[in-house]
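First chain A sits with chain B, and in the next complex the same chain sits with chain C.
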Partner chain A sequence: MSKIKLIPGLFALMRMAGTRKKRIKEADFKIRNDIIGQIAKQMHPESLSLVVHSVRAENESVRTYRLISAPDSTSLPVFQAGQYISIKLKIGKSQTSRAYTISSAPYEAEGENGYYEITVRKKPGGLVSEYIFDNWAEGVGVNATGPHGDFFYSPLRDYKDIVAIAGGAGITPFRSMIKQFAEKEHEMNLTLLYGCKNENDVLFEREIDEIIKTHPSLFRRVNVYENAPEGRPQGYLNAEFINSNLEDMQNKTFFICGPSVMYEFLRKEFLKVGNLRRKQLRYEVGGAPDNVTKRKDWPANAECKTVQITVYIQNISYDIPASTIETILTAIERAGLLLDSQCRSGECGICRSKLNEGDVYIITDNDGRRAADKELGYIHPCSTYPLSDCRVTIPPSNPIKGR
Partner chain B sequence: MDKGMFNEHYDAVVIGSGMGGLSAGCNLARNGLKPLVLEKHNLPGGVTTSFVRGRFEFEISVQCITEYGNIEGMGPIYKFFHDELNLDLEFPKMNEGRFFSMKDKDLKTVLPLKKDELIAFINHRVPGSAEAVREYLDFCDEMLRAINFINDNDAQIKPMELIKKHKGIVAASGLTVKEVTDKFKIPKEALDLLDIYWTFTGLPMDMMSFPVYGTVLSCMSSTPVYAPHKTTFEVSAKMAEKLTQLGGEIAYNTRVDKILVENGAVCGVVTNRGEVIKTKHIYSNALPHNVFCNMIDKNDLPVKALKQLNMRVPGTSFLSLYIGLDKSHEELGLNHYMYYFAKDGDINRAYRDMEYLKPSEYFAGMCPNPLIADASPKGTSILHLETITKSSAWASVTAKEYYKTKCELGGALIDEASEVLDIPLREHIEEIEVCAPHTFARYIGSFMGNVYAYDHRVFDSVVIKAMTQEKERPIHGLSFVGNAGLLIAGFPSSILSGKLATVEQVEEYKKGGR
Partner chain C sequence: MSDYKFTREADAVIIGAGNGGLASGATLAKNGVKPLILEKHSSPGGFASSFVRGRFEFETALHELADYGPVDNRGNLGQFFDELGLDVEFVAVPDAYRLITVRDPEGNLDITMPLSFEAYIEKMEEYVPGSKESVTKYLSLCKEVYEALAYLAKNKGNVDKEVLLGEYGNFVRTCAATQQQVLKALKMPKKAQRILNAYWSYLGVDEHRLNFTIYGVMMYVYLEKGAYIPKLRSHEISMALEQKIRELGGILELNSEVEHILIEDGEVIGVKTKRGEYIKTSQVLANVSQHMAYSNLLYPKNEIPSRCYQLTNARILSPSAMVVYVGLNKSVEELGIKDYEFFIYDSMDTQESYQSFSSRGRTNVQATVFLNCVIPDCSPPGTSIMSITTLHHGSIWADVKPEEYFEEKERIAEELLLEFKKGTGIDVIPYIEEIEIATPATFANINRKYNGSIYGYECEVLDSLIPKTMTIQDEDENLIKGLSFVGGFGRRSHGFSASYMSGELAGRLVAAKWKETKK
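And now, the complex of A and B:
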């Protein structure tokens, strides 16, 4: 005999059905405000509508663009020093994107007069950087998404002793961190080890020196030059240089940002230092390499040739040409098809697509693919090269808005 | 965008590809209908997914898979996945008990998995409780059997039949957990040991609907429990593949902005790119709050839809930490798959505390490595800590304070777990991500970032919902699946809800109409 009896249970059930009815009757019919959803949208808007406020030349091939919110749009989203925005552009028939670190500090983005700065190095023959140099001037509208990325200080994960290792234009995230830490946080300290080609290559020298002077206990900077000016250290960012500038290597987090050759070199150098834990080393992603055929694991039998990719988007398909030494994403963009991208380094997964058939080469340095995706043949086209004719299913993407 | 990416018309449009949406889509396609699943994100799964940071892949939401096995044999999820969909999935079975600590009582122990052992264990701690606990757990099993019976019959059951075969669930459907446990006269201390599952259900016992809670408790103590292998994203990805193999379609990066209504019945949807897709059947994995507040023209919206909505109590969200550790679980001493951390037995206080932004005293943990050898690279391990929170508590946090706030509250959980387990967790954190209601709002777009759609109050639980479902349906052709579906919140129920919601259309189709 059960302890919970049917007849009283039925009465309770009927009573509850009555409660439901009564609650419905008494309920209002107002539309409820989704406050959390609104804050989430404010932090991660679908797109950013920006305007070039001013342009500053740092040297012949590097310019800093100050971007503000377009008149009709909301204030700039909060970001963490070290994050990037993804600039969306339509150049000819190609819709493409490029990542640029926000080189200004988070506090500078606050309020009505807030701004983001990005610092762009003009890459000879580069599609977007040249386009930006040629076209962006005061008042020009800019579309972007973001802020994105995981290259920032986490109080739960990182040591308070930060070593920032920058190569060339890789200084951008550290400019943001140094400005922010100086203004808002005084818990962390940061040693900047900056590798440059020559004197001309050094960015933000005076600005960073000013900050160091006013906060000598928080910051330190040492430059090293491939072609050093008189009296400055000559050499490379190597184990010896890093070691000689730090008391010890333990209990520090190394943030590393620069070209991919620097990463390849440093990964080996850090092995010489010994006893470094993986959690101490945080490399920023860097986009596709300039010349993929120079990579160590590039297949020896791979030819440089044109292949055909059949691209499926829902019910439609296209046959497009592709080069074995360019990414599948580039081929898709060249053909004027839409495929959304963000990190263009294989990490973020925004470009996730399915490879139905074909041989490919995948750069696995920042392979952000999930285990099940690998099993099922999914790829991130921004870091995948077609070695033969291929069939690829891509998701629908959304065209950039306005302008 | 190009014309012709989609057909003009589909047998059904499914909004969202969470477990509810995918299973609705799969069940329709398996039966010869042509559904189109529209997903705003670029991945299938909703919260049934994973993410990658550095060398780790983290499961987002599901710690253990229930209703895959059953009291007698294989459960409804197994039947659906294997017998009906033929999915290539294998789940490792949990075989060790769950770690449990109750801080104020200095209690650290491992609760056995199996019912008999659990009863013996509780009886050992609370002598003389065995009989009451067994009777109670037997009654919980009755709930699960009844729910399985409802599922086996695709929810096409007449009330009299349910009363005849499973009168327990009918008798208990109007009752709270407390009203039931009072009848069984279980000693308080024994009940505390059973109530650790509270961390997952999120309501105090004097409000929680008993059949919901009883089913969960029965699943946990009387059926085998499984774990996702390559995270539950494997389930989502394979269901999405199956859907297309069966002739269904799925489109990512495609958000439904509008549901079109004509004469009180749905007739199509409009996407974020302005595509209009016609259909007479819509299965929404998006919550009723999202649908009725944002997606339907006010003129097409009956007042009762909003009243029925506002009558409900919005559910709960999570504060969830995903931690990649740079030592193996053996080296660290993370020997268990599941962990429960509790302060004391005062669940009502814990429930009230959910309304405030303060470190949670009740939370759960999961370390997949003891069960799943390749859950993370060699020499590393993963720890997932989570606690439920009311998202309204987060409404006052500005975007600027948000990151700091979630790190502080997350840090408190890490420190508490470190102390209880005597493991210096912070020293070993290689990767970490803290998710709060905003994170869920961002990725799944659910109202207020809620993960469990609505509280399982007695007046809003399974049997009463089933009784009123048809009468309360405000718009013809529109059904809800997933957490807001017929069953309860959670992974297995969401899957089953998608299947159940489509049964009627499938029957109709088999009879000859579309």
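And now, the complex of A and C:
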């Protein structure tokens, strides 16, 4: 092509070298602060160093632990009502984690005296809840990560009419939401439908009722009991109960939190509630089910037996025993091997590992695996059960710090 | 001698499994050098990744790959992937872009440009009668620049000045020019200039500072080689590269963050991980910015030549971004969306838009893609995936209080969705089933981007190929022996293809050096 006539042309090019040298010569000797990096660290610290500030018994089997930032660490990261923290524990030779919803409100975490509360139900034989009940007292240090999770109100996505459906200890995210909305937001309203086994099962009743009294136009609560005390509604949290308490279903967002059996039941019940769109139903992840064999897609021919998992970490292999009715993550932890985890429900992918060989059952309710990962045989061990002997490659993990 | 207790040794250590890290790892392994790649995350890829929310799998960052090309006309990236034998399914993007301006003092635009030389020129003539000659000239110039760079790459070190000035004279004449200067010299009609500059936000610098060479090459490869995306999001490419590296004997360790690059007497001698492991190596390829390396990674600090700081500070970091990922419960057909890529700007005054990156005012730049327009089954039937990207400097978030952070995120996301509506007449807000909003803090957290800067250093004239080459004698990039940079901050400019190719280049150079020392 013909010559391009350009004003700067070659002379500019010659000058450019000099200009460049000059700019370098005049440049600073010090790299400026990474302001956004600092904000990111504050919002998403690698780990949270917490201390038990106080313990409150909600009833015989439920306690609320108030956690504050350890003396030498920074203030608590902000969160959205409904999010959880992942508590990291070393129990015997096992390093494990549990996701606990923050049951206090975001505004209570602000400032120097900010705190998170988590509410723990003691499960008979539950490794972690029993450990916490036995060991956590005022002044005890707690390691965690977070806050994490997607179970929160999003103004662009959700309707302003919120229905909170709680089963038993599943009330925790809604305590956080109600407190936060009452303090900071007055745009949306929330109806709490609370299903409980009996009177002892009800948590935070007085506290929530106080808030409702102050903001009667924003909040409403209806309990239903499987074994009702006198004068209280007897029944189940089912379609009939939902239909009888709500109108205008199409313009509501349902936040649902409870045990996994409740989710299986409600998924069917919601079909009778009306033609709800998927965006209207938001289920909180709830960890591994108590009894996986009761799930309706649990393979009929699966036996309850011990199998062997060969675990590879950085080219070293370990043969460990596992039960077909426990997750691969549990087997790995019990063997004293390290594998980071967070949601323990299949969603977040922190424990992402490669299944080289073996038959497995995967809970797909919250399957966070990506298409390319599925093709290449990746699994999330927290929601995967070994049905035969398996070979699994797991990434190296970091031991929990301190205590 | 230092007394670090090294427990392992690696031919080369790559810090970060981003595009540059993975590409350099594959290149090294292919050339007989066994790399150890240390990645802090639980998944490889850096920006080339994806994440799941509900029933959607969102692409993290890629809009389209330049320089890949169809089977019979591969670009550099396509050739590189072919030579590695990567197992990835790519899909061609049909059109270049739809450009919409919504507050344009020169009249709002709404035009769709195709992805081939002839079609582009013809479409432009249709929109701007009389533009054909200058646009044709511009694109021929782009071609010459592309060929000149290929010539330079081929004859590394022995460039014949006669050939360069004779055959690639226009390249030499324009290499220190801005995009604006070239358009002006070609006397292109103003409206055609505005349409042609649509891609500017991909580079993040306005046309008055943007180096023509870089924009020109980008235009050329898009129109000549087309634009491609992987079928299963860019995570598929990252996984294919990881597989390849392992096959070739390289090691990739996830959840393994590097704390320090250890240097002694001006040379790299190893790395220390956050877990406290010391690994001996003479070659480190850093998939991070120079800003990050010199302020955080290199150790001990008194070994860092002060010149490193000056060279780093003489460069300008590209802006950061916000990305709104949206899963919709309507299909693109139901929504009336026909185009994959929308550029929606206030106007084509790129200087004004660039300046707005530094303020917390209304966002006036967005690049929005609808994945289903290229990969119809990327989400379940009756749904679609949209992602909106806007640019601004991370520093504007410095004034946002932590407790206002979520609200501010939502506010900007809503603004972007409303701007999309203003530009296209399509309101997607009622159909949002999933939404995730990434901010500069997200990129600083997940991708360790200094100030959240998503690209690399600005592609301004002073920081472009030729001025850099001309002054290379007295600023030698290898001030620390054994340290190279790959990715968006590597030797090529930024962007997906460039960061892969920077890894390929660094991998080749390091492999050659390594073989030399082994002799």
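By our rule, the second predicted complex is superposed on the first by the 394 of 403 C-alpha atoms of A that agree within 3 Å, B and C clash if a C-alpha of one lies under 4 Å from a C-alpha of the other, contacts with A are read in each partner's own complex, and residues count from 1 in each chain.
To be clear about the criterion, a contact is a pair of C-beta atoms (placed from the backbone, for glycine too) under 8 Å apart; a residue touches a chain by one contact, two chains touch by 3 or more.
The model shown is predicted, which means the values in this text are computed figures rather than measured ones.
Engineer: Should the pairing of chain B and chain C on chain A count as a clash or a fit in the superposition?
Structural biologist: clash
Engineer: According to the stated criteria, A:213 is in contact with first (chain B), second (chain C), both, or neither; which is it?
Structural biologist: neither
Engineer: Quick check for you: in the superposed arrangement, does A:370 touch first (chain B), second (chain C), both or neither?
Structural biologist: Both chain B and chain C are touched by A:370.
Engineer: If you stack the two complexes on chain A, which partner ends up touching A:314: first (chain B), second (chain C), both, or neither?
Structural biologist: Both partners, chain B and chain C.
Engineer: Under the stated touch criterion, which partner chain does A:340 make contact with: chain B (first), chain C (second), both, or neither?
Structural biologist: both
Engineer: Which residues would you name on chain A as touching chain B in one complex and chain C in the other?
Structural biologist: Touching chain B and chain C on chain A: residues 3-6, 8-10, 12-13, 16-17, 19-20, 23-32, 34-37, 39-40, 42-44, 77-78, 80, 110, 150, 154-157, 277-279, 314, 340, 347, 349-350, 352, 368-373, 375-376, 395-398.
Engineer: Going by the contact rule at the top, pick out the chain A residues touching chain B in the complex.
Structural biologist: 2-6, 8-17, 19-20, 23-32, 34-37, 39-40, 42-44, 77-78, 80, 110, 150, 154-157, 277-279, 313-316, 338, 340, 347, 349-350, 352, 368-373, 375-376, 378, 395-399
Engineer: Would you tell me which residues of chain C are touching chain A in their complex?
Structural biologist: Going through chain C, the ones touching chain A are 42-43, 50-55, 57, 137, 140-141, 144, 169-170, 172-177, 181-182, 185-186, 232-233, 235-236, 239, 243, 253-256, 274-275, 291-292, 294-295, 306, 309-314, 320, 329, 394-395, 397-398, 402-403, 405-406, 410, 413-414, 417, 429, 432-436, 440-442, 444-445, 448-452, 461-462, 466-468, 470-471, 474-475.
Engineer: Under the definition above, what is the set of chain A residues touching chain C in their complex?
Structural biologist: Per the stated touch rule, the residues are 1, 3-10, 12-13, 16-17, 19-21, 23-32, 34-37, 39-44, 77-78, 80, 106-107, 110, 150, 154-157, 277-279, 314, 340, 347, 349-352, 367-373, 375-376, 395-398.
Engineer: Within their complex, state which residues of chain B touch chain A.
Structural biologist: Where chain B meets chain A, its residues are 1-2, 4-7, 42-43, 50, 52-53, 55, 57, 135, 139, 163, 167-168, 170-175, 179-180, 183-184, 230-231, 233-234, 237-238, 241, 249, 251-254, 272-273, 289, 293, 303-304, 306-311, 317, 326, 391-392, 394-395, 397-400, 402-403, 407, 410-411, 414, 426, 428-432, 434, 437-439, 441-442, 445, 447-449, 458-460, 463-464, 467-468, 472.
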